[in-house]
Structure formats: structure tokens, C-alpha cells
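The same chain A turns up in both complexes below, where it pairs with chain B and then with chain C.
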Partner chain A sequence: MKLSDFSTFDQTTPSWLITNDTTSQIVLSSRVRYARNLAGFPFPNKATNSELAGILDIINMAFKDGERIPEFLNPIEYIAFDKISPLQAEFLVERHLISPDFIHGLKLNAKPQSPNSNLNTGRAVFINEDENVSLMVNEEDHLRFQVLSAGYDFTNGLKMLNALDDGLELILRYANSPQYGFLTSCPSNVGTGLRASVLIHLPGLVLTKEIEKVLRAIWQIGYNVRGFFGEGTETRGHFFQISNTVTLGQSETEIVEGIEKITNQLIGYEEKARDYMLKNTRKELEDKIYRAYAILSSARLIASQEALNLLATVRLGVAMNIITKTSIQRINQLMLLIRPANLQVFYNQEMSALERDEKRASLIHSLLNENSISNQILSPK
Partner chain B sequence: MKKCSICQKPEVAVVISTIDKDGTVVELSLCKECAEKKGVGEIKKTKLSAQEILNELQEKISEQDNNILCTNCGLSFADFRRRGRLGCEQCYQSFALKLEPIIKRIHNATQHTGKIITQGRKKISEKFEIRKLRTTLDSAIQKEDFERAARIRDQIKKIRQTNKSK
Partner chain C sequence: MKLSDFSTFDQTTPSWLITNDTTSQIVLSSRVRYARNLAGFPFPNKATNSELAGILDIINMAFKDGERIPEFLNPIEYIAFDKISPLQAEFLVERHLISPDFIHGLKLNAKPQSPNSNLNTGRAVFINEDENVSLMVNEEDHLRFQVLSAGYDFTNGLKMLNALDDGLELILRYANSPQYGFLTSCPSNVGTGLRASVLIHLPGLVLTKEIEKVLRAIWQIGYNVRGFFGEGTETRGHFFQISNTVTLGQSETEIVEGIEKITNQLIGYEEKARDYMLKNTRKELEDKIYRAYAILSSARLIASQEALNLLATVRLGVAMNIITKTSIQRINQLMLLIRPANLQVFYNQEMSALERDEKRASLIHSLLNENSISNQILSPK
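Moving on, here comes the complex of A and B:
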């Protein structure tokens, strides 16, 4: 990915979307992130512009020093926020490389110092070439870095995250206390500063109307669930993100194990729901899936949300061997490429909503069927 | 369509029912304009949002929190309550007693059991220390806190000198 030059955006897929693993039919991706702050500086919401710039400088120096920075971060792309367009920022959000708050929450974070003070001073993100590691500077905390893994995999992700954390810790001095561990701007992250989450596809539970019960139970035992590809509780395409809420009093491994236990349980429920549908409502299910496939392969105009819903339905069809003309991986790629900012970057042109709907339909049309000639343009790196 | 009892405009914004001395109910329908002229009721929709009411109530209750300040960054505990964000690492000590129950409620724990910072690291690169001090120096100058600025400048000098003598 080359963000420095808008015209040379790669058309490749981030590594965390590429997988042939069967467990990733239900779990799309796994994510771990640490929140850290430098000792001796106020947290971003209380820092002056010159302090924010200083923090960014120090982190930049740490990367340039390089010795302690793990190999998987080489080469790394550095993107300063005062240099990118809103479209490029949105592109990064859609690719899960920065949080929506990082661009939308700027006003909330900024101190009204002077009318011309730049809201993006000191804000930047580092992204590695595989796009599975990103590091935000001066979001809610001085540092928030994450590792995204394809499918259901925390072992490798946590190992990488720790390697990066240990490397940085040797150069930077983190704010910490014996009682509360790593100190964060919001007390809800204090302790390990670890947030672990899975992005999980649960169409079986949605279609059999069991989802409400399951989600409520997850809430009750203290984990967080939210609909994905949507705002707040609204869910699109039956994707959910499950994450821990507790970061203090449990070790990093215990936190990840907690998420794994819940995920295993959810996979079990989802498989049961799919079996039930195959045995009891097969025709209805097939009809729903083939209709979704038909619309996707013939629509001439399609909005992002409708496309996401239909793709999620076809994804279920592929996982259940009802649709064989396409693959889980192809659907994963499409779900990313058809989103508004990614679509415009893919075609390398700014588009109106109508133009996007047209290009989106034609992109899906040419890529949905895995055997079509136009496949080459999506070759993974 | 009902009409305004005063100006006969076919618009009624408020109906006032009054009971006079002999017990008869008299209804008066008024349009917005006439009602305002008569000073009846709060015709203008109140502009208070639910959020504002909540904030104001919280402010009243937590007025004392305005006086609890972080000794390092100056954040008041009331500010923390409003925005949910602490201002610096020192806030954890400045608000220790008030924070503990909040942290306990969120995490059901008050003691970190995860990764600990490496204790074996002795030398933090002077380069980083100097860069950090420079930044604090800049912001001290911006805030016209020259006394502090002078102290920081001396610190930087000291680090530079010990570096040279090595």
C-alpha cells in the first residue's frame, strides 16, 4: 500500500483477509491491540499542539532507530494526518487501520487554543506492508497499536503485538504504576491496555432468530458485542464484533482465552443453526442464497449496504457448499473493495454516489464469479 | 380546522381551558403569535435537550468535584466525569480515592496482573530525554512559565555536559 501517492494505490488485499482456513468461514478476522502512553507527557486530550508534535517526534525517532523494532514492521509506511485527504482517511478506516474516532473525534479531542490551530497536529499512523500491523499516534492515547490476523488466530497476533511492545518499551518510557499497570486516558483500558476481538459471521443464528438471546448472554457475562459494518447496534450482513471489556486484573493471555472461550461457543451455536436450516428449511435457505447471488451478478446499480447484506448471504451459501462459483476469500475481498472510499481508490477516481453504485455493481459483476477472466487484477501480494 | 380565537387565523398552537367563578369551562384557542403576545405558557419549545438536563444535574451534584484538581495537569474531577478521559498519568494519583471505586466497577479488580515493564533497562537514550525536555520547554515558554522553562533548560544543559564528559 502506498498512501503517499494517491495514484499508485495498490489494488491488493490486506493479508488479514486472505485465508483458506476452514475456521475462518465463521470468524473473519481476529484483532489484538495495546494502548500505551509515554511517561512525562499529558494524555492527548490535555496536551498542547507542541506536546503532541513532540510525542510524535519521539515515536518517529524510535522507529528510525529501528534496532528494536521487529522485522515484520519493515518496511513501514508513515502517514501524517495533516497531509492526507478525507477520502484517504476514510479508506484507512474501512481497512480497519485506524479507528473512526481518529478522524471524526478530532473536534472533541482538540483544545480550543487558537482558531487556526491545526486539529491534526501530531496525529499519524504507521502501517506495515502486509497491512496487518498499524500504530496510531495521539488518538485517545499516545500509542495504540494493533495486529490483525486472518480467520481465528490469536496466538500469532499476540506474539507479534508483544514483540512490538517489548521493542518499543526498550526505547520509550511508558506511563505505568504497580497497581494499575499501563496507565491510559480512559480508566476502561487501564492495566493491560489490551483489547482483543473477533469479527464473526453469524447468519445462521440471525436467520433462526436465536441471535438476540446469544448476544444478550454475552453482554451479561461482561463482554462487548456490536454489529459490524454498521453504526452502534445496527448490524449489516450478520457480522458481529466480540471484545473484552475488562483490561485490569487479568493477564493478557487470560483476556485472550476469555474471548476464545466465547468464540468457540458461538461457533458451536452457529454450526448447529446451520445444520438445523439444512435439515428443516433447506429450500427456503437455498432460495434466499440464490436470489442474493442473482441480484449481485445482474444488478447494474447497487448501494454499499445492500451489497454487503447480499454478499453476507452468499458467504453463507459458500460456507454451506450451496454456492460453488465463488470463494469465501473472494467475498471477503469484495466486502472491502465495494465500500465507498475503497471503491474510489480502487478505480483511482473520485465518484458521486450514483457513479459509485454503478462501478460497485460492475466490480461485483466481474469479480463475483471466481472463474472469470478479470480475476488477475485481484492477485494477492 | 380550528381557528385562533383572537385573530381568526386557521392555526391553533395552544388551547387554554379556564374555569370561571360559576364553574363553566371556557376554552380559548390561540395561534402561536397571539399566545406569545398574551404571554401564555411556554409556546416556544424548550431548547433543553436530554443531554443538557443530564449534564446540568450532574454538575449540580458534582459541584464539589470542580475543586478537586490534578496537581500535575490541572484537570478537575468534574471534567473527568463529564468527558470520561483523564488528563495525565498523575491523575491516577490525584484522584486515587475517587477513581478506585470507578475502576473496580469497570474491571471488578483493582490490581494489575499482566505484563510488567522491564526493570532491567538502565539507560534510556539521552537523545529521547533531550527531545522530551525540549518539548516541555516549548510548552512552558508558550504558557509563559519562564521559571519552569529555565529549570528545564538547565536540565538539558546538564544532560549534554555529562554526555560530553563521557
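Moving on, here comes the complex of A and C:
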């Protein structure tokens, strides 16, 4: 695949980042995913190349049986890992369409004679046009499929996930046990196979230095917390992903309700922290936000990490009505486009780190100001 | 003295910072000063309070004999140290009208019953209206007088210094020896008593990391180099003061020619470094400069040290025609006005550190853009 074959992706913002809902100011997006395996085949890490290829063939056939696959999956893009470059794989990771684990350990574009070339065999991903649904084949499990939703919304995501699961189950035979539920490669996914998560922006808690305490509490009651894009060594990023750790012994409703409860608490804490800053440290807050906006508007070279941290700060400024020249929507879009692989796909050009820093700065200049250019789909070509 | 009594200073830029000469882009100012002592009195550090008071009386009388004092000293401001606040003393240091040593060790505004109150006795400074001439009484020597000139210019300064010295010598009897010349409190000033220095802006050498090597070479051939305002722990400042270390065994001409020779070399190195950056690292250079300008234009709070470092970077940008919205002149003015004591005198108001950071940011906003307000004398009141 040529880089330009990814051009259907590069000019649009995925639907899960497009939103006008005010709740999405704090919760960027919600994600649900199932882990499933085909009965009668070993898990991917134990499977031979021909078994992996066989699994992929079966799943491919299921998708060709269009009647049982929900409408929202049409048209679907099929990407096989022995056909793409490391840059293209990284692009898919940055867009949250495949997991980082899926490409770590894979030797992309390995030559056929290479002993590692088999790592790509039977690995693929299906992605729908809106980019809110993706299915990885032969990652840790035979099938991992997810639905991403804009803002804080599990209802729609679960409905879509179930529709897809039901459609596939009419064609495929899943490995499951009457006692445990769905069987998975890692015990932490056994049962419902459901993982639910939110991507949440907590700059108020970061700036008021409450974040460590809050995250530790979440971790202690049994949920996973990890920093999301925007982590630097100097500046702690502002984005976090909260997800359930256990899928066994809990119903889907309980899993999702647990995440919802924590998310509501986090939203409450974050709002309190923002109120506190407005009342007590408004000058310092404005200083941080205006500086971030000014640097983004004027830098001629900017690294990915610095840009993400500054965009996160400006995002807070927009949410608090301190910055009015741009929008949450535009910042969400930029946070994705400026990442190294996305930037190169956007410009349809492989670049050195210095070239990227320059293009990134110039892309931010042209897009940061909401009114500077049309809000329509962009083409740099 | 009330803070507002300093208002004659606060609205003007001293003449030695006003210049349109292009050579002043690198050399900000030149300074010459004489150290002199009255015959028949002990040096200040050995003198009693009444001797110090006596010395001051004699020098005061000399100034009242107006006919022998050069025209450029009229009108002259007389400031006695037992009448001013620590803030006012700091203000004079920041404006280079008195030495930092002159106020260290002095207990300003000490109550009469305090055992340290005598430290202020007999200490004073005379300053002319243009602020280019000042005379300290009873610092390390009975008399230390200096002429500051804009840009790279010793000729005028020495002429004025000599005129003043000749005028005073008609009235006062200086301590001198046929063998050594003028006698001074510290041996390093014996002889001519002349110290000559330039204040030089070397951002090109700092950014290309050549500066350490160059400064070490200057130090090794027997000249003093010290960082000037703009030193931070993170960012090395861009301003340096180069002066002679020895006054004995060299004529005035030799001293000044020595400094001139080094200054010419430094100007050459600095120009080469700037050319190098334009040719090889222009993007990185522009990035630094535009960021500095953007932060200065948008910060709501800014500390003195950070502001000085950023102003120094913008100053380079103006000199290299990368920034055109402001001028060298305006930046010279700001570098002085934003210093802690000057800022408070300018606003005629004692302020906490946080208040200063806020006022400093707002002063920079209103003055940085050359066309934003009149270039005339400003009044914030």
C-alpha cells in the first residue's frame, strides 16, 4: 500500500472526535470493545502461521456475508498487515483504530525470507468509514472489536457493539464456557470480554495538583488509569483513560455503570477545580492559557509532545471561555493531525523529525484560529 | 524621600540607552569612571562617621562652586543615603547610577538609635539630569565618578570625565603619589584610577554555544567579564560587561584601546555567529525569536528574569530584521523599566512579587509594539 492509499482517512476527523455537546468538554470520547475467539482454534500466540491465516479467512468470509453485518459497517476498509508500512501502522495506532500492542513485535514490511516475516501473516484490521468501529484480527485474541463514541456516551456504543456481535455470532462459532462465559487469551478478559473506557481531560485537577490523589483512589477501587497523549517528562499531560480491569463475575451493565459512576465523580471534581482556579488563581490560569495559545500561534518548529501539552491547555481555555478564537472541535482535530504518522499521511510525504516539527507548526498556525480557514474538510495537496 | 520624589527619573529613558546608531545593536553602552580620594583623609572603610561627613561636606562645597563644574552637570540631583528607602537605592542600582556594593552593607533608613545607622552617614550620590554622569561619595573611595555613553563610544565619555576631573581638581586636593599616580582604597585602582567597560549583547555567540570559549579567552588576557542583567539559572543571559582589571602601569589611552580592541573582536565574532545562524539554523532561530515575542505579548504574569531573557532574544530578532514591530530602542527602555525597583517607581507604588509580575506583563504589552502607543515620554499616572 502506498502512503496515498490512506488518503481516505487523512482529510477527515473521525466521528468520535466530532461533537458539539458541552459534556464532551471534559469527556472526549467513550469506548467499548469485545474480545472474542473462534472455537476450535488456538489463541493467536499459540497458533501457527497457517492457523492464523485460516482464522483470518473465516472472519473475512463472515464479512462478505453482508446481510448479517450491520449497516453501520458498510463500506468497510480491510487492511492486511503484510501490505502496509510501519508508518501506516503507526498512523492507525495514533487514530486508536488498532492497539499499540498489535504492532509491537510485528515486523512490518519484513521481506519474505526474513525469519520474522510470519509475524504479519493473518493479521489485519477492518475499519468502517466513520472510523468509529474497528475489528482487529489475531491481536491477543482472534477478534477484538470496538466502538468509539464522541463525548460521554456508552448507550449507543454498546448497542452498535451488540449488533455487530450478534451478526458475527450467526456466522462464527465463539469459544465460550457455560461457567466462565467467553474464553480469551488473557484471563482478565474472560467472561463478558467487555472493556469500557472513557478518555477524559482533567487539566483542572492537574493544575491544582489534586490529580495524583484522585487517580490513586480510582486505581485502588480496581480501575485502570493511564495517561493518554500529552504525557511529557516536564509537563504532566492532561488526558487520562479510565477503564475496567475485570470482565469476569460482572454483567455488562455493571461494568458500564461502574465506569459511569467514576466518570461522573471525576467530572464533578474537575468542575470544582476549575471553579477554584477561577476564584483563586485566575491570573495564573489566564497566564498559562494565553502563553500556550501564543506559542502555538507563533512557533516555527514544534515537537509533538510540546504541541499536545499546549493544545490541552488551550482546550481548557476554550472550555472556560478564556479563549474564543478557536473551538474544542478544532483542538480535538489538531491533537490527532499533529501526531507524527498522521502528519505525514496528511501531507502525503515521509518526513524527518525536523521537517515534521516545521510542518506541524505551520499546520497549527493555519488551523488553530477557527475562522482563519474553512471548517470544511481540508486538503493540503 | 517619598517614592514619588523619584518621579523625575521614572518617565524617561536615560540618555545612554537612547540611540539610533546601528553599532549600538551589539554594544549597548560604554562606561568610563575614575576613582579619586581626598588628600589628608582616611579611605572610607577606615574613616569615622565625622570624617565621612566632613568628606561629603567638602565635595558638596565643590559642587556649589558652580563655575568650575562643567555645564553638562547642571542641574544636578543630590541624593543622601540617610534620606532614601531600600527600594529607591535599588532603583539607582538598576539604573547603573550607583554600584551594588554601595548599598550592600548599608542599612538603609536605619533609625538613629540603631548601631548601624552610621553606615549611611556621609554617603551620597550626585546625578545629572541626562543620567549619564554620576558621582558616588564614600563608596570604596571618596569619589567614584562615571560617564555612561550610548553605544560604542569612549571618546565623548573620556572628554566629559576629564572635564569633570579637571574642574574638581581646581577645588579639591587629590591623594596621589609621583611614583604610583592616584592612590585608591584597593590596589587594583591605583594609577590612573580609570575603569573602562562596554555592555555588550552577544546572543549569537550564546546560541551557537561559542560564548564560553570566547569569554575564557578574554579573561585569560587579563580582562574582566561578567554576565549582565538577563542571567537565569536555566537560560544563560545574553549581556556581558567587559572591563579592564588593571589601572597601574597603563596609560588611559592604553586602557581604552585595550577594551576597544577586544570589543571590535567580539563584534566580529558576534556578526559571524549571526551570519552562521541565518545560513544554517534559520528556522530554529526564527522559532526562538517568534516564541519570545509571542510570550512577551501574551503573558499575564512574568518574572523579571524571564522577561529579560525573552527581551534579549527579541532584541536579536530586531537587529536581524526578523521582528519589525518593535525597536532596539524600545527594548532597551523595557529592559530597564521592568526591573523590580524601576517598575515600582514607574507605577509610583510598592508592590508584592505577584503584583509586580502582573504589572510587568501589562507594561510589556503596552510598550512592546512600537506603534501601539506614542514613543513619547510615558506617564502611567
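One rule holds in what follows: the second predicted complex is superposed on the first by the 345 of 381 C-alpha atoms of A that agree within 3 Å, B and C clash if a C-alpha of one lies under 4 Å from a C-alpha of the other, contacts with A are read in each partner's own complex, and residues count from 1 in each chain.
Here is the rule we go by: a contact is a pair of C-beta atoms (placed from the backbone, for glycine too) under 8 Å apart; a residue touches a chain by one contact, two chains touch by 3 or more.
Everything numeric in this text was worked out from a predicted model, so none of it was measured.
**Q** Mind telling me which of the two, chain B or chain C, contacts the most residues of chain A?
**A** Residues of chain A touched, chain B against chain C: more for B.
**Q** Between chain B (first) and chain C (second), which, if any, makes contact with A:54: first, second, both or neither?
**A** Once the two structures are laid over each other on A, A:54 reaches chain B alone.
**Q** Pick one for A:291: touches chain B only (first), chain C only (second), both, or neither.
**A** After superposition on chain A, A:291 lies in contact with chain C alone.
**Q** Check whether A:336 is in contact with chain B, with chain C, with both or with neither, and answer first, second, both or neither.
**A** Neither partner.
**Q** If we overlay the two complexes on their shared chain A, which of chain B and chain C does A:351 touch? Say first, second, both or neither.
**A** After superposition on chain A, A:351 lies in contact with neither partner.
**Q** Touching A:322, do we find chain B (first), chain C (second), both, or neither?
**A** In the superposition, A:322 touches no partner, neither chain B nor chain C.
**Q** I'd like to know which partner A:76 touches here: chain B for first, chain C for second, both or neither.
**A** In the superposition, A:76 contacts neither chain B nor chain C.
**Q** For A:300, decide between first (touching chain B), second (touching chain C), both and neither.
**A** In the superposition, A:300 touches chain C alone.
**Q** Name the residues of chain A shared by its contacts with chain B and its contacts with chain C.
**A** Looking at chain A, the two contact sets are disjoint.
**Q** Show me the residue ranges of chain B that touch chain A in the complex, using the header's touch definition.
**A** Within the complex, chain B touches chain A at residues 72-73, 75, 83-89, 92, 99, 102-103, 106-118, 121, 124-125, 127-128, 131-132, 134-136, 138-139, 142.
**Q** In the complex, go through chain C and note every residue touching chain A.
**A** Chain C reaches chain A through residues 283-284, 286-287, 290-291, 293-295, 297-302, 354, 358, 361.
**Q** Going by the contact rule at the top, pick out the chain A residues touching chain B in the complex.
**A** 37-43, 45-46, 48, 50-51, 53-55, 57-58, 61-62, 65, 140, 162, 165-166, 169-183, 185-188, 190-192, 194, 222, 245-252, 255
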